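Listed next: structures, encoded as structure tokens.
Look at the two complexes coming up: chain A is in both, with chain B in one and chain C in the other.
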Partner chain A sequence: MLKKISISKISELAAALMDKGLLLAPVKEISGHNFVEIKDPKQVDLDFHNTIASPKAAFFPHKEDFIKYETGKPIDTASVVALNLPPTFLFGARPCDVKSFGIMDIHFIASGIVDPFWKQRREAAVIFGYAFDLEKPAQPEEFYQTLGIGAADPEGSDIFMVKKGGDLLLNSVTPKGEKILTELKILNEGKAADKKYYDEYIKKGKEYKTRSMCLEPGAITKKLEDLFQNTDFWNRVSSACISCGVCTFVCPTCYCFDICDDTLFGHGTRRRVWDACMFTDFTLEASGHNPRTHVYQRLRQKINHKYSYHVRKYGVISCVGCGRCTKYCPVNIDIYSIIEDAMKA
Partner chain B sequence: MINKNPYIPVPVEITKIIDEVDTRDIKTFRLVFLNKDDEANFKYLPGQFAELSIYGKGESPIGIASSPTEQGYVEFTVMRMGAVVPGTVTSALHDLDEGAKIGIRGPLGNSWPIEFLEKKNIVVVGGGFAFTTLRSLINYMLHKDNRKRFGDITVIYGARNPGLLLYKDELADWEKRDDIKSIITVDKGDEAWQGREGFVPAVCKEVAPSPKNSVALICGPPVMIKFTLPVFFELGFSKENILTSLEMRMKCGIGKCGRCNVGYKYVCSDGPVFSLGELDELPRDF
Partner chain C sequence: MTDFRQIENNLKKEAKRLLEAGEVAVVLAYGRGYDEKHPMPFAAKTIADVESLVFNEYCNFNMASYLMRYPWGTKIAIAAKAADSRAIIQLVQEEKVRREDLVILGIPAYGMKNQKTNEVVDSKTTGGLYNPVIYDILLGEEIHGQKIVSPYEVLAEYEAMDKEERWAFWKSQMDKCIRCYACRKACPMCYCDPCFIDQNKPRWADKAPQSPGNMMYHLTRFHHLAGRCIDCGECSRACPVDIPLYLFHKKVAKECEEMFGQAAGMKLEDKPVLVDFRVEDSDKILE
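Showing the complex of A and B:
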């Protein structure tokens, strides 16, 4: 089902979605765009390349409260936090970011014990994927083509959106998406010419160039296993790293978290919060032993996790080539170059 | 799993606290479930662990020290940490009295591979504090319903001095039994000590357990492991027949939080028990 709306009427579409539930959409902030819970439909701004932070927080918020309690009160008076999620519309996620949700699903839902928070948030969400603008070049740090992800790849979205001049085309990908499109009366029917444009756009997206190298998951996994003991290599690629962890926070596939207790004036919350393997105390044990005291060990862990351990454990590379880690790294560490170097080493 | 939501602990009461060592920094806590359903759901095997939970302080992953053959409670032997890093939860736990209520989440992790151990001779080697889940296994194997399932049981357990030996009453019981060979050693005895003196690796060499149809389970401080392993290799034990239990910093305990990985394995959900053969496949990152 193909529908369309004039981009000048985006705020009306936003208002219609807000009537149905929670809308998370790109908003222009001081230093760039980010996904924000929309309070005013006029905030939604589709004039962006990609957001600073990935949209993973839609399903894996920075803070996820587990339990509320009062300090000093009996343990059985503590209460489990219920999510009670409204329908959530993630509007305008780029194809590489949408791909990350599937990778995270393997970890949080399909393997071992199910993470109830990720699962519930995923189930409550309708994803409006949004093709990159093929008229504009990719940003230099992006490399999703390397990972087989197209700039207009609808896979993983419920509804996929393509810009056509002053219009936005919305095509349903899943039954969930089709249901929503049917319900949104503000949308117009797409014409045959729109359908043709949409189909060609998707096809053209496959040719869209980002940085690209031939990367076979088995080969890079093996290469990194062989390189593990090569301290010179890891010292060289990590020498500038200041362990700030920004790469992990903006990353759509980094999922490390801490579970902590936060108490204030007798009110307590046990929650999970994002954490990062780049931090010095991430693996510091109570005994004082820390297997990763050196920065090279931590960067090695991060690269290996994405390109080796994840492949061994789940069969897929845990990176979508969005390039955020490189773009926002304060010391210009480039994961693409590290992988390229590793393949050549 | 104890709860539909794996992050939510269930309540238990501390019914007994035993001071294990002279330094008074290791205590065994006996916990009784407040709800029968929670107790029924907490089905564990020796070698597993659980997250002990104190609201306002946090959670700590601790090996289960009791044996599943002991009914009605579960025990944990906990060292008060804090010399290097805060040790918030263990300190808070040590400050509690009998009757206090805390939370528990588990059982977690794999276990000593009971089926693999059946019909084999078992050599248990422990050093210092790292004896808790081994104690669980020994008591499990010694139970009248289970003893026939295992071959000879040899225990070599050492501590720096007599005051630091855990489970002293049980050690004395084992020495009296004829279905377990128990060798207790201390690095240095005191005036009252009439037992053996000597480091664990040297004692292992002297006892020289036969590798024939045998499995060695070795837990202890890194330096003990370092010098004990060559002894067992020399005796002819293969890497597949030497097992240990790893420690890494943990949070979730269910393979989700990404903290305790060694290579592609999570110690909390793929371990904590690994054979040396399995560890050889993993990068040295622990």
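Showing the complex of A and C:
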């Protein structure tokens, strides 16, 4: 089912979605766009290339409270936090980021140990994917083409959106998406010409140029395994790294977390917060021993996790080439160049 | 001003000479990144590495941050713009490095640009000096006649706010913080291991990126840098969500300078202002 609406009416569409549930959409902040819970429909702004942080926080918030308790009280007085999620609309996620949700599902659902918080948030959500603007060039950091992801891939979205001049075309990809499209009375019917435009756009999206190299998952996995002990290589590529958490926090496929207790005046909360393998204390053990004390070990872990261990274990590379890690790294470490160097090494 | 290309050539020349003569084990400077606009901090250790050195208007990173990675006594050459040179002085004062182990390759420069915004980095975000305060070899001509703006001028607007407004301002800024700790990691003066925020016993603040913990992290960090921040602006530049940390640091630096008559990292022979007791010191801090 193909519908359309004028982009000038985007806030009306936002208002209609807000009537139905919670809307997460791109909003222009001081330093760039980010997905934000919309309070005022006028905030929604589709004039962006991609957001600073990936939309993973929609399903994997930076902070997720699990249990509330009172200190000194018996354990059975503690309670699990119930989510009670309203229908959630994730509006305007780019194809590479949508692709990342499928990769994250492996860990949080498909691996067999189901994370109820991730699962519930995923189920409550309707994803409105949004094709990149094919008229505009990709940013220098991006490389999703390398990973076989097009700039207008609808897979993974419930509804996929494409810009056509001053209009936004919305096409249903799943039954869930179709249901929402039917209910949104504010939308107009798409015409045959719109359908043609949409189909061609999707096709053209495959050819959209980002940085690209020929990368076969099996080959890079093997290469990284061979390189593992090559400390010179890892020292060289990591020498500038300052061990901050920027690259992992903005990344759509990084999912490490820490579980911690916070108690204030006897009221306790057990929660998870994001953690990062790049932090110096990430692997610090209670004994005081830390198996990854060197910068190179930590960067090696990050690259190997995404391009080697993950492929061995699950058959797919755990990176979608969005380029955020490179773009926001304070010292310009570029994962693409590292992979390229590894292939050549 | 000597143009960037020429500075780059001089940098390569000096690096080569120092490495060849065995005077230093490493040259800390900038190397090629994934494109022109994104050079990277780079440690040249061999003659072959020298060819990869670059210098252009995007070479903002404060190389002094890397000094403490090397074993005590390692001979190091370091490319130092004005702010970097102040960081070096401050680190020498704090006995983190020895002056005699360093060959400082001074770089006088203006028109440096922020790679994210393309804006010229000026006194608003940094100390606003053009010439390194200290150096052994100068890689370009000293800059004179450029307009000097007080690094504290940018505070006017901020100082006009009353207490409530200031609190509201910082609260809204701190709420944006994602606790990636790039600010402390980019800062040449943040070398504590472990940093207070990573400690578990006692735990000084919660780990979640929310109001009380964020405030605790930043207010403590700001104060740990009192009299030590050399105003390079790297913390703010590293921040992925553009929190203007420099404003707070500048405000504290200004108060320190007014109270003790000394700015951080300006003179090798100074003692760090907050560890030095002088009878004539101002009592304003107690008021």
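The rule we apply is simple: the second predicted complex is superposed on the first by the 345 of 345 C-alpha atoms of A that agree within 3 Å, B and C clash if a C-alpha of one lies under 4 Å from a C-alpha of the other, contacts with A are read in each partner's own complex, and residues count from 1 in each chain.
Everything that follows uses one rule, which is that a residue touches a chain if its C-beta (ideal position, glycine included) is under 8 Å from a C-beta of that chain, and two chains touch if they have at least 3 such contacts.
Since this is a predicted model, take the numbers as computed values, not measurements.
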Classify the contacts of A:212 with the two partner chains as first (chain B alone), second (chain C alone), both, or neither. neither
Just to be sure I read the superposition right, which of the two partners does A:76 touch: chain B = first, chain C = second, or both, or neither? first
Once chain A of both complexes is superposed, is A:174 in touch with chain B (first), chain C (second), both, or neither? neither
Residues of chain A touched by chain B versus by chain C: which partner has the larger set? B
Let me test your reading of the model: by the given contact rule, A:249 touches which partner, first (chain B), second (chain C), both or neither? second
By the touch definition at the top of the document, which applies to A:258: first (chain B), second (chain C), both, or neither? both
Chain B versus chain C as contact partner of A:11, first or second or both or neither: neither
Same chain A residues contacting chain B and chain C, which ones? 258, 260
What residues of chain C sit close enough to touch chain A in their complex? 31, 33-35, 37-43, 61, 65, 115-116, 176, 178-182, 185-186, 193-194, 198, 206-210, 234, 237-238, 240-242
List of chain A residues in touch with chain C within their complex: 29-31, 52-53, 62-63, 140-141, 239-240, 242-246, 249-250, 258, 260, 262, 271, 273, 276, 279-281, 326, 328, 330-334, 336-337
Mind listing the chain B positions that touch chain A in their complex? 1, 4-8, 11, 34, 55-60, 81-85, 87, 90, 101-103, 247-249, 251-252, 254-259, 261, 263-265, 269, 283-286
Which positions of chain A touch chain B when the two form their complex? 66-67, 69, 71, 74-76, 78, 80, 107-108, 111-113, 115-116, 225, 228-229, 255-261, 263, 268, 270, 272, 275, 277, 282-288, 291-292, 297, 301, 304-305, 308-310, 312-313
